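What follows is chain A paired twice: with chain B in the first complex and chain C in the second.
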Partner chain A sequence: LSRIGDELYLEPTQSGLSLRAVNSSRSAFASFLFAPLFFQLYEPGSAGPDAELFRCKVHMKSFLGVFRSLPSLEKSVGKCLILLKPRASRLVLQLHCKHGVTKTHNLAFQECERLQAVFDTQRCASCLCAPARVLAEAVVHFPLTLAEVTLGTGPGGKISLRNYVEDEAEPSKTMVTELWLAEDEFQLVAVTPDSHITFCLKEFRGLLSFAEASNLPLTIHFDEPGRPVIFTLDDTVLEVHLVLATLSDLESSSHSPSTNGASHLPAPSDDFADDLESYMAAMETSEGCSEGAPSPNFSLRTPQPADSKPEGEEEEEEEEEGAVPGTPPHKKFRSLFFGSVMTPGRPGPATAQEVLAEDSDGEG
Partner chain B sequence: MRFRAKIVDLACLNHFSRIINTIARLAKTCILRLTVCKLYFILSDKVANGGASMWCELSQGNFFDEFQLEGVAAEHNEIYLELVPENLSRALKTAQNAKAVKIKLTNKHCPCLRVAVELPSLSSSSRIVTHDIPVGVIPRRMWNDFREPSVPDFDVSIYLPVLKTMKSVVERMKNLSSVIVIEANLSGEMNLKIETDLVSVTTHFKDLGNPLWASEDGCQSSTQGRDLESMAEACIDIKKLQQLLAGQQVNPTKALCNIVRKRIVHFVLLHEEVSLQYFIPVIA
Partner chain C sequence: MPFSAQPPASGERYALSASLDNARHLSSLLRAVHFQDHATCLATASGLRVTVEDAKCIQANAFIQAEIFQEFSVQEESVMFRISLSVLLDCLTIFGTSSVPGTSTALRMCYRGYGYPLTLFLEEGGVVTVCKINTQEPEELLDFDFCSTKVVNKIILQSEGLREAFAELDMTSEVLQITMSPDKPYFRLSTFGNAGSAHLDYPRDSDLIEAFHCNQTQTNRYKISLLKPSTKALALSCKVSIRTDAQGFLSLQYMIRNEDGQICFVEYYCCPDENITEAER
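Up next is the complex of A and B:
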């Protein structure tokens, strides 16, 4: 989670403790849901009929600092107590160690709204599942400095990973690395042919090392370019989601690839119109729409603002602060798949509503 | 113009990778000259390279199981490519347990060396990783820029000390100074010296031995009449020396340097299958 954001959101729910993080450009979101069974004792607190369970966020570094050296923790700590004291404004982390030593850390927290990304794995056209090891062995061929990678489906059911070369980089100077994995390396392959998505490698690597360490298979749900890619890990007591924005290319997503299995996928189009669709359209429109609103798109912003003709509604302006153009390195990834979610019953602007596209795994 | 080659032996692959790693440390961009029998990595002494130049030569038969070359023309059955060796190094880095590595010259959108690594996998088919390394094809008229440098008319030729020792000495000196003086004589003595306002450090090596060079008329160079004790010195960029030493991952069979006082130091590192010459000019 620390690879994604600087703040750790803690949200106790009836179905477990959810830890979440989001990055500053709001193009990456992760949540870890620990079921009550994961804990020796789990008391989410009592919520009244109109109130929600208390939630907060703390500085990631402060939280991590308590668990600094894992090997020595494993040797000396018997129990860890996490206690939220709303009235004292403190999150208490208490480590019960050997020899009767108790270390109590009081972290300051901030109240926060519910951090929830808008995504729905059911609405993703493609799904892959592979042991974490296979994917880890795949990304090792890419340099650690590589920002984005393109995942695609190719002929013969093969799945490819390729480094994404930015338009600004000279194509005749940049090395292109492409890896092909056979269908039978995966536990599940249910993909739309000739599809591809481009996403940020850094956050993905973070999840991958967690998955490898826990020996869990990783599931990848994706759809068209521009729609978020969702990585999930599932265990009896843990549910993990990582949602990443993907690069959208505004040409038709059905390119025809070369038939030669070893040739690379067509590069994303470099002819982007400045089509600023409101990524909050899903949030703004049809509250209570029964089929669910379409997931927001993450449009590309070209460097020529003069050409821009925003098609989106005005509302998107207020979300602009989420899209920080200068945020390295992804000025093309717009923020977006969520924003503030007002709780029902509280007065708010007309745009307030609940999450439209609920996480299909139903966190409750 | 065609080039295709294949390595299947892991030891050959590792060895080849190590050589590429060494080259990558010495040159950001260099020329790869392909002939039917040999590969050459060449860095010419342009100002852009800081005046240093390099000539590395290896016999393709020692590394490749298959090697097919069709040069630019029948009488000139060679290909000269400009590339960034670091790219090649990266491509080979994760190929250490490959079943096979194929290298091919292609020209899809631009000329590239395509390195295709076939990796073992638990599935029925292998994993294939391809790296397309952009290259520049050097036209025939420019080939003369990249001829083998001749051995300079040196004042002293001496075998280098154990490279590991020399490397650690130079690395520490690098923290103190940006230039280093190499001096040696014909009695097998070498000194590495740095001098700054605050400190001067000298490391002395002895009993190194001086190689005998056959001169062009076939006679061994005569040391008569030369002062065996007199030191020939050259002041060079310490970073270049450090890069040369740091890139040596395997001990060479022979390592020596030729010093032309106040002009240039010519390093020669010989391994069984590859020879590397590196020229570091004196700092003006």
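Up next is the complex of A and C:
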């Protein structure tokens, strides 16, 4: 969660404790829901018929500071007690360590509105499921500095991963890495042929290392470019969602994803070596990269108070996200639309046909 | 051992002369008190004491008994001088700081007296280095007047119990608050930093605690920046004794076992922080 945002949202619910984070450009959202069974004791507190259970957010760094050294934690800590004390304005984290030692941290918190991205895995046309290890081994081929990666579906059920290269980059100076995974590496492949999505790798890596460490299979739900990609991990006591915005194709262009330059290139067959050569030759000669490739020219959503928003949308402290001067002007992701959620704890179905709203203000 | 048989060059007696087979026995202890550039050395028949002070609030002493040295002789009743501890440490470790077993730097220290430099002869693997470090007028040292009869509370702990705590102290807190009490929480270390407050509690029956003699509940605060350097001494030590007197002065005594199993001591004295406002818990 710390790879995504600077603040940790804690929301106790009847179905468990939910820990959430969102990034500053609202293009990544993650939630970890720990079922009551995960804990030795879980008391979410009582809420009146109209009142909701108390929720809060804390600085990610402050929270992580309590659990500083994982190896020593494993050796020395027996139990951890988490208490939310609204009246004292403190989140209490108490570690019961060996030798009878007790470490108590009283963290300051801020009250907050519910943090919820609107997404619906049912509405995604494509779905993949693979052991985390398979994806981790694939992703290791990309440099750590790589920002975005494109996941695509090819002929024969093959799945490709390619580093996303900006239009502005000089073709002669860029290195393109592409790898293909066979259908049998996955536990489930139910995808629309010739589809692709581009998303931010950094936030995905965070989830991937968690998935690998907990040995859980990772499910990827995706749809058209521009619609969010949803990664999920499921366990008897834990439910994880990571929702990332994806690059959409040019609005003005009537190109369907299939006219994307990439699909003009022959996908490698099993005879990989020969095809790689012709593939590379095609890459050099085609103009495909400049025409029809996903063009990043949508504005960054930085919710301003002036933005018209529907009723019930959460309010965050705007001063945190105001103008984002350091954001690179080129590539921006549509931000995820945060709407009010009908039923607590579950992602609400989008009420509008067009889930992602364009930022209405001019580029700044 | 090349040096012990060498007579002083000019035939004069040295005010202080000492030989040590393994300079690390000295350098590791001096590092544990190296939080200021300068130190005051006091040599008596019982051994060498190196004192470092800061802000008129904190004093650290490293004791290396005469028995640790292969040869230790002090001509007058006591010899005292001020010296750059940084330079002294650099010289003692001139052959490098890595401790490869089997190799060690041999040391001979000579001091002619007031106004003379401290001369060091260091040898390793047949290579000899001679260092002359200028000495200065010793400054008056703080006297905390801390004696065992005035101790109100005393706890002796195994160092491993405190090491992690000190290494992870929330340095955004200005103070380290120490509570010692015959009742709960018995022994508590607290910080009040940007993220909030943190308390580390040791119950009196913890197996880390070797001795627990608390007569009165005392809560005192000390500037964390002054106490943080004591982490080095803690890291080297196997046991630590924590004592406070009626004024809230703190004495930390560290028992350190060197490579040859010999025992040395380092102690820290600290004044309580007067300028404190009642902070949030």
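FYI, the second predicted complex is superposed on the first by the 257 of 364 C-alpha atoms of A that agree within 3 Å, B and C clash if a C-alpha of one lies under 4 Å from a C-alpha of the other, contacts with A are read in each partner's own complex, and residues count from 1 in each chain.
FYI, contacts are C-beta pairs under 8 Å (C-beta built on N, C-alpha and C of every residue); 3 or more make two chains touch, one makes a residue touch a chain.
Source: prediction; values computed, not measured.
**Q** With the two complexes superposed on chain A, say which partner A:90 touches: chain B (first), chain C (second), both, or neither.
**A** second
**Q** Once the shared chain is lined up, is A:203 touching chain B (first), chain C (second), both, or neither of them?
**A** It touches nothing on chain B or chain C.
**Q** If we overlay the two complexes on their shared chain A, which of chain B and chain C does A:100 touch? Say first, second, both or neither.
**A** In the superposition, A:100 touches chain C alone.
**Q** Per the contact definition in the header, classify A:182: touching chain B only (first), chain C only (second), both, or neither.
**A** After superposing on A, A:182 lies in contact with chain B but is clear of chain C.
**Q** Can A:62 be said to touch chain B (first), chain C (second), both, or neither?
**A** After superposition on chain A, A:62 lies in contact with chain C alone.
**Q** Using the superposition described at the top, list the residues of chain A that contact chain B and also contact chain C.
**A** none
**Q** Quick one: which bits of chain A touch chain B in the complex? Just the residue numbers, please.
**A** Its residues touching chain B are 137-138, 140-141, 143, 171-185, 262-264.
**Q** Residue numbers of chain A touching chain C in their complex, please.
**A** Residues of chain A touching chain C: 59, 61-62, 65, 68-69, 72, 76, 90-91, 99-108.
**Q** Given the complex with chain A, which residues does chain B contribute to the contact?
**A** 84, 87, 90-91, 94, 108-110, 116, 121-125, 127-134
**Q** Provide the residue numbers of chain C that touch chain A in the complex, in ascending order.
**A** Residues of chain C touching chain A: 161, 164, 168, 170, 194-203, 205-208, 281.
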